[in-house]
Amino acid sequence: MKHHDTPALPPRSAEDEAVLDAHIVREIEHNTPFQQWLGVKVQALQPTLVLRFDWRPDLVGHYHSGRLHGGVIAAVLDALGGCALMKGLAQKHPAETVALVRQRLTRIGTIDMRVDYLRPGLGQHFIGSCEITRLGARVGSTLMRLHNDSGVLVATAAASYIVS
Amino acid sequence: MKHHDTPALPPRSAEDEAVLDAHIVREIEHNTPFQQWLGVKVQALQPTLVLRFDWRPDLVGHYHSGRLHGGVIAAVLDALGGCALMKGLAQKHPAETVALVRQRLTRIGTIDMRVDYLRPGLGQHFIGSCEITRLGARVGSTLMRLHNDSGVLVATAAASYIVS
Amino acid sequence: MKHHDTPALPPRSAEDEAVLDAHIVREIEHNTPFQQWLGVKVQALQPTLVLRFDWRPDLVGHYHSGRLHGGVIAAVLDALGGCALMKGLAQKHPAETVALVRQRLTRIGTIDMRVDYLRPGLGQHFIGSCEITRLGARVGSTLMRLHNDSGVLVATAAASYIVS
Amino acid sequence: MKHHDTPALPPRSAEDEAVLDAHIVREIEHNTPFQQWLGVKVQALQPTLVLRFDWRPDLVGHYHSGRLHGGVIAAVLDALGGCALMKGLAQKHPAETVALVRQRLTRIGTIDMRVDYLRPGLGQHFIGSCEITRLGARVGSTLMRLHNDSGVLVATAAASYIVS
């Protein structure tokens, strides 16, 4: 038999959950200047985070090619993993107050990331999705995929984040 | 004893070399829209490529922190490796015409990259340097380091590029 | 309008395909001394490669823990990606003779690999599976997963391979 | 002005330091079954960890080539980073008892690793060296290099480890 010192607390109310979700979306879309410049938008928070952004001429790697710069792809995939862990942490701590979860979100930081550039970043818009492969007490691990608007797999990534 | 079918050709003239170097700098600073937006500048092409860029509010990861977004760091380090290979390819083919080397440069592409985020990206400007660990006939491998203006090691990266 | 010099050739016979499959299994299980020592066995070649190996005391990272050494996990995941590309190359060139495909297999080489160690490598046996995310003319990219016999995700990996 | 609750403790005695060093060498060479099988030997603990191992037929990737299996290279480079952090943690906590530092060593675990396979693993023996790029309170980051006995750079690696 397993004992816990703290009895299971009641989960956050649906209202609190909505407040927290709105906060996460604001963090992703507005409170991160570089992501705001990239134009990253949340398409879904659940069951996995899905982000979308549009092609723009200033995101391009070379005038001739029109392809997304690898750094833009890396930036979006890094944001994707970290933001997926925001929702993941909220779900892992269903009884914590909004304020406590919000504090957790500020402590997420990327340890390292690998990006695989598979196909040219060509398209009118792009969709990134994320799978959390583990969310431990100190490290979160994620796999990300970026597709273009024709469903072509443009890039994948794997990253580790510090969490607490 | 080793035979070569083709006799060693005379190396490019100093004038041609300067034309090629100017072309590489232009590619890095002006012909890549996203790098132009980042404000990446060449500080040295030899013996290893050194790039510099300044902190700006729109490169930041979160309003409160003032730290560079991880994606900005990834973008600069990706650019650094690819651009170091431009000069590397020019040096590997010292007898080729400027036109032929320029064609080689257009065929460089990132296969994959890992970034290690070591310390907060805080500072007024940042300096990236690159070591080519191998430049083969088909793949180039690089290690990159990003320091801030106080000499703090902010990030390292390793990347593989397709070359031909 | 696009021209092809070679008309579509008839695919290999079922007999040839079986010969090639047997060759691939032999390469994985017997012709690679270190994999033979690890005891890697092919469970399926299609639709994706699945490998299996058993826990053994000499594969352990530390006497006290009984957990697989990270290097054993890396070795199996590297083998997994390369071997999945063997079958992938055979499928990509359905009309080539067995001899020609066998030559392709000898030219596969790992460019780089990332491994994410998610959970302790504990179990009686382990199952590795592989997804080919791209198989180009020069580079093959793969994602691998290692589960233990209870279905726990122990590790994931991403790797790039040179192919031709 | 910065206050510390605990006054600076006297550093470990030279005798204790030698005991700890001997313990670290034993952990690397004897207490890790898979590393023992690989035949990894410590050449130097300071200023950076240097490991050595000999070529053997059962470490080979393919009978024809005689080259080290990529997994053997990955295993040695993973061991190298983790073991370098053992000495690093001892140096970071110069006043802790041998027993406390030994406890820290048991808590080191690889989060993830990238290996770049640069040149064939051919040679009679191989030398691995490690640079600790950061040793924080929770994560240690390392860069590793593997040379053969002719000084050829065979592989590099970057890895993150959980520490405490």
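Labels for the chains are A, B, C and D, by order of writing; each one numbers its residues from 1.
Basically, a contact is a pair of C-beta atoms (placed from the backbone, for glycine too) under 8 Å apart; a residue touches a chain by one contact, two chains touch by 3 or more.
Note that the structure is predicted; figures quoted are calculated from it, not measured.
Engineer: If each step moves to a chain the current one touches, what is the fewest number of steps from subunit A to subunit C?
Structural biologist: Counted as steps through touching chains, the separation is 1.
Engineer: If you tally the C-beta contacts for B-D and for A-D, which one comes out higher?
Structural biologist: B-D
Engineer: What's the rotation angle, in degrees and to the nearest 5, for a C-alpha fit of subunit B onto subunit C?
Structural biologist: A turn of 180 degrees brings the C-alpha atoms of subunit B onto subunit C.
Engineer: Whole-Å distance, subunit A centre to subunit D centre, using C-alpha means?
Structural biologist: 33
Engineer: Need the CA-centroid distance for the pair subunit B / subunit D, whole Å please.
Structural biologist: Chain centres of subunit B and subunit D, defined by C-alpha means, are spaced 30 Å apart.
Engineer: By residue number and range, which residues of subunit D touch two or more other chains?
Structural biologist: 111-112, 114, 116, 141, 158, 160
Engineer: Under the touch definition given earlier, write down the residues of subunit D that touch subunit C in their complex.
Structural biologist: Residues 27, 31-35, 37-38, 57-64, 69-72, 74-76, 78-79, 82, 106, 109-117.
Engineer: Under the touch definition given earlier, write down the residues of subunit B that touch subunit D in their complex.
Structural biologist: Its residues touching subunit D are 114, 116, 118-119, 133-134, 141, 143, 153, 156, 158, 160.
Engineer: Please name which positions on subunit D make contact with subunit A in the complex.
Structural biologist: Touching subunit A from subunit D are residues 111-112, 114, 138-139, 141, 158, 160, 162.
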